[in-house]
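Per-chain residue numbering starts at 1, and chain names A, B, C and D are given in the order in which the chains are listed.
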Amino acid sequence: MPGSSFGKIFKITTWGESHGKGLGVVIDGCPPLIPLDEDTVQKMLDRRKPGSSSASTNRKEPDRGIIMSGVFEGMTTGTPIMIMINNKDAKSSAYYTLADIYRPGHGDFSYDKKYGIRDHRGGGRASGRETAARVAAGAVANEILKKAGVSVISYTLELGGIRAEKFDTGSIPETILQNPFLCPDMDAAAQMQARVEEVKKAGDSIGGIVEVKVTGVPAGLGEPVFDKLDADLAKALMGIGAVKGVEVGTGFEAARTTGSQNNDPITPTGFATNNSGGILAGISNGDDIVVRAAVKPIPSISIEQNTIDKSSTPTKLSVQGRHDVAAIPRVNVVCEAMVSLVLADHLLRQKAVQWTK
Amino acid sequence: MPGSSFGKIFKITTWGESHGKGLGVVIDGCPPLIPLDEDTVQKMLDRRKPGSSSASTNRKEPDRGIIMSGVFEGMTTGTPIMIMINNKDAKSSAYYTLADIYRPGHGDFSYDKKYGIRDHRGGGRASGRETAARVAAGAVANEILKKAGVSVISYTLELGGIRAEKFDTGSIPETILQNPFLCPDMDAAAQMQARVEEVKKAGDSIGGIVEVKVTGVPAGLGEPVFDKLDADLAKALMGIGAVKGVEVGTGFEAARTTGSQNNDPITPTGFATNNSGGILAGISNGDDIVVRAAVKPIPSISIEQNTIDKSSTPTKLSVQGRHDVAAIPRVNVVCEAMVSLVLADHLLRQKAVQWTK
Amino acid sequence: MPGSSFGKIFKITTWGESHGKGLGVVIDGCPPLIPLDEDTVQKMLDRRKPGSSSASTNRKEPDRGIIMSGVFEGMTTGTPIMIMINNKDAKSSAYYTLADIYRPGHGDFSYDKKYGIRDHRGGGRASGRETAARVAAGAVANEILKKAGVSVISYTLELGGIRAEKFDTGSIPETILQNPFLCPDMDAAAQMQARVEEVKKAGDSIGGIVEVKVTGVPAGLGEPVFDKLDADLAKALMGIGAVKGVEVGTGFEAARTTGSQNNDPITPTGFATNNSGGILAGISNGDDIVVRAAVKPIPSISIEQNTIDKSSTPTKLSVQGRHDVAAIPRVNVVCEAMVSLVLADHLLRQKAVQWTK
Amino acid sequence: MPGSSFGKIFKITTWGESHGKGLGVVIDGCPPLIPLDEDTVQKMLDRRKPGSSSASTNRKEPDRGIIMSGVFEGMTTGTPIMIMINNKDAKSSAYYTLADIYRPGHGDFSYDKKYGIRDHRGGGRASGRETAARVAAGAVANEILKKAGVSVISYTLELGGIRAEKFDTGSIPETILQNPFLCPDMDAAAQMQARVEEVKKAGDSIGGIVEVKVTGVPAGLGEPVFDKLDADLAKALMGIGAVKGVEVGTGFEAARTTGSQNNDPITPTGFATNNSGGILAGISNGDDIVVRAAVKPIPSISIEQNTIDKSSTPTKLSVQGRHDVAAIPRVNVVCEAMVSLVLADHLLRQKAVQWTK
């Protein structure tokens, strides 16, 4: 059964490969009468553009999102919105040398085992480039969230082992734009810069942690027992290629606390603490939603690695070409988009539940 | 949109509340001709039974799983299998005092906000008791996995901050049965015992980490791009009430390594290391699958907490009655069941992909 | 992929066989706060009871619908409602002689080809008895429809070639209760009686046509382009075992008219005619919805037929035991239930569309 | 909940409006390693092209299907196949005069009630042009069916009340190409020609009946109890805008026969007759599948009709512009495509069932 669709009511289906003709997304289930234009989509797409940070590849892809359907005279009509991005600057020749070699840490080996065939150009469907379609859809989801008073922000909590320790949560939106790593702690950002340079020089790569915070979420979103809001968020984030861990609220730290420490006392004006990350029994409780995604190091490195080719012959591989040193900060907006998609979907799902209210 | 179904081909739908007439599961999509009887189901159900560890409640619930349909002369027929568990020892009167009070850390508040009504007896649908239905379904999934040569095991990696550090992976199945915490490290288990006694005395509770390992998985399971195998595992585990974090392979540690450290070199006889946890680009690579779930402390504690009642009046709450000190080790088999459900489903999903092979 | 679920938001999953322990339905997605008790369910179940017409079998099955979950203090809670019917008067021994023989017109042959195993007792999962679960769910759907001012009625338009030609649409609800065939034309009903006696004597069976009419439907239900309201109604009705044709509005007659005859002129107070059957481009237009289902003759007849057994040996078969002469009028309430399920589902689906209105 | 997707394993999602930038389809779940190129798609698209029969519009739309993804070096890769058709010859100005008027028999009124906004240019999403995307997908489905030895053919059984009565079923493929109505009875075709001229002159339109026959279907396709093969076929065909009735095998005629006439006797070499249309209890029995769709007259006619505008003011409407006199024969390939989509999907669905065989 295919897996290129996400969401139940605000439902997206993506298509396309890294070095084919293009890629895109069909959004089915966007409510009508929401103002939408290509600028709104482009602003979000630009945030995952390569080349905006020293950790990023030099590939210059314009990534123009074209709205092909579902919008009429500046408004959504309720019918499917298709947003397409044509591929232009795709040097696939660079990848042909890799046609028969399985790159460690990539999906080359597992895709071949699954399908018996693989579009090897630039990672094909498994390329990080596929996430551009999700970001375009996330931009539309955001318009719904905005209308509902919900806002989503993402930032770098950790990169290459350096953690943002001290920051004012109120000024995150401004601070993260003042350093190339979207880090809310300027001191940490400076150390990240040094770490990135060092790693780049070594031909290696690094991972990190992205935090996404959602404010203004109404209580009541999420469906027992399998489609819990945190279950859907976990699936959304773990479905990003580079992500290997997801946590909500205190997350793995909760495993080391006691109930009296971890429970959030309830007061007439809200929860006294937010260890739960805004979700209780899988349903939003009205507090901020806080989730984190652990991002592994980019697997494409120029350091030589042992691997095999299609005929199982051992070989050495040093990946050249244009690659990011870290998925962060480009992946941040992808995490944000996935969270937005989940929330827009559950916001609409709750409408049917509220039928009798 | 409702959320009580899980899986696409091996698809389960659960029903029932903690203190209603009973609970159960409909399994739709189980292949025909698989030997199945109630003993097989019961053995797995017994593993989540209360009372088997000092960390567990004293409630004695027989939890007899009755196969109501879908099995004929000892074999599955391909039609829906309904397994039902009647509720018997449910002292709901004990819960009536809690009818109007929101217990911190529980779903009482968020359920009320969602539905405007709530079966408050024993947590109703949000009760951990609901997971019995998942375990019954997991027992059936296991029969499929067994036939395919796949086996799943769960154990306690951490409890109350004490981690199983030294253990022989080969002898896990035997070791975990020699201590009440299903811990593969007997020394750690002894410390856990002390920690549990201390916490119980304090009227508090603790969390921990469950690890699930799957061996014998064929390469090729998982669907790009949203229904990645790890994305579905993350959803499956995060959908368990007490779970607040999920990681695959090196997980959050991967965020602190470099690509040259984290990439698994490939050799003609397999992967040299297994940092990926058996999943690359969302597709199984043939190696063992390793996932971990962070389990928060049981929120029901006798230590007094601040909360409010339905009319928003502040009140104090000390939860009495029979409660576990930790969800571990009872939750272990639930984690195992959820992992089994995901794998059985993806095993069957891959059949359609392999149509042309 | 399994097929025992129906609906997207008001979603049902049925289970059970004709002569197993019982059968039932899980309703997931019923909004909370709707008054519901077993009497409401039972009233609808009683309408498909055998023995209420001369065309029906003599099997006396109490068919008590038991609500196992999802209702608390007389109200739906929003969580899954499981309704179960235990099997009691099931003379499966009568069916054991048929264990190896494929009955013409039944699913025996095709089920064996599909699954390689078959619960042959009374038709197993393919038995008409399975529809009791749908009717129970339909009773719940009706409570939603009632709240929305929508009402659904079914009646016999044709039986054994005799058509209800002259009847007052206003008095259908009363008239159909005055004859055993639920026919709105008493003269036709008298002829049906004679036809049924004649056929019964011959050991044969007959078919007919059921019409379902829905009043009070708001305009706007149905989703372009595949989940059109009429497409979902067609699937719902064709999914009843005995149904071989479905039509909406003028249906097959529309194929023989011209556009100027078939188009419904629009006036400020509504449509001047209702040839469309209340659905335009797959979306309800506010007029009455009118659908018809063609029901084939019951395949179990005592007249001797040629068939084969499991080993492909030719044999003669004369089906004895208790069987209806016609699926009508027992199937009428099943058609009605299926239509109710579709409408309740689309009523809730439209909530998400109306988000911005 | 959105309705632009169809199928479970071979799953399509369409997008686009009649006079927007274009339209297309994402096919998710096509097995890998199937040879596919644009010529194969184009051949099927050409069969629904306007201008090929005297009953068709003169709009000359090139309708070039472009494969944007999912095919690599001439083979499907298992990842989503997006096929796009750009809109070129779209005289939307002609439609602007209709912006505020509800055309009888069209979806204008019901779409406005549903969404509160409508892309009125050429019918927008409700246009028959949307079916081009289904046909493109049907071409891909056909490649799967071909590989499985299944073939699908469609033809005109009735047009404007004239029925193909006498024809040799063996020579249908050749005969239907010898007349512009795709009718297997040349005498009937001649009468159809006269009928079409007469209707065109009157500024009116006509309906008809399309029959689709599938040969080579393996027994065992279709899922009890809701996703019966005939239930899915009924939904597929009724989901075509112009279709108002669907029947399988003897269909509505079955309602007028007796069991002894309608049951198909079974012999060691197969069924003696095929009244069931190849489907028993919702599962294919290995015989030819025969379904029919009743197509209503094209609602756009130049004969003046009564209607209202958006402000509910009565007005007269005579639809000018380029319109077909009948949806037949252009709709035939659409019916065929929908049947192919259902069969390809169920063929793949059956793989999971056969897991243990």
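Heads up, the rule we're going with is that a contact is a pair of C-beta atoms (placed from the backbone, for glycine too) under 8 Å apart; a residue touches a chain by one contact, two chains touch by 3 or more.
Everything numeric here is computed off the predicted structure, so don't read it as measured data.
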Contact-richer chain pair (by C-beta pairs counted) among B-C and A-C: B-C
Chain of greatest Cα-centre distance to chain B: D
Whole-Å gap between the CA centroids of chain A and chain C: 46
Centroid distance [mean C-alpha coordinates] between chain B and chain A, Å: 26
Where chain B and chain C are represented by their mean Cα positions, the distance between them in whole Å: 39
Set of chain A residues in contact with two or more other chains: 1-5, 8-9, 14, 29, 32-33, 78-79, 114-116, 125, 224, 349, 352-353, 356-357
Parts of chain D lying in touch with chain A, wherever the complex brings them together: 1-5, 8-9, 11, 13-17, 20-24, 26, 28-29, 32-33, 66, 68-70, 72, 75, 77-82, 114-119, 124-125
Chain B residues touching chain D - in the complex, by the definition given at the top: 1, 8-9, 29, 31-34, 78-79, 144, 147, 224, 347-349, 351-357
Chain B residues within the chain A interface of the complex: 1-6, 8-9, 14, 102, 104-107, 109-111, 113-116, 125-126, 130, 158, 160-161, 199, 202, 204-209, 219-228, 230-239, 241, 244-252, 254-268, 272, 276-277, 279-286, 294-301, 303, 305-308, 312-314, 349-350, 352-353, 356-357
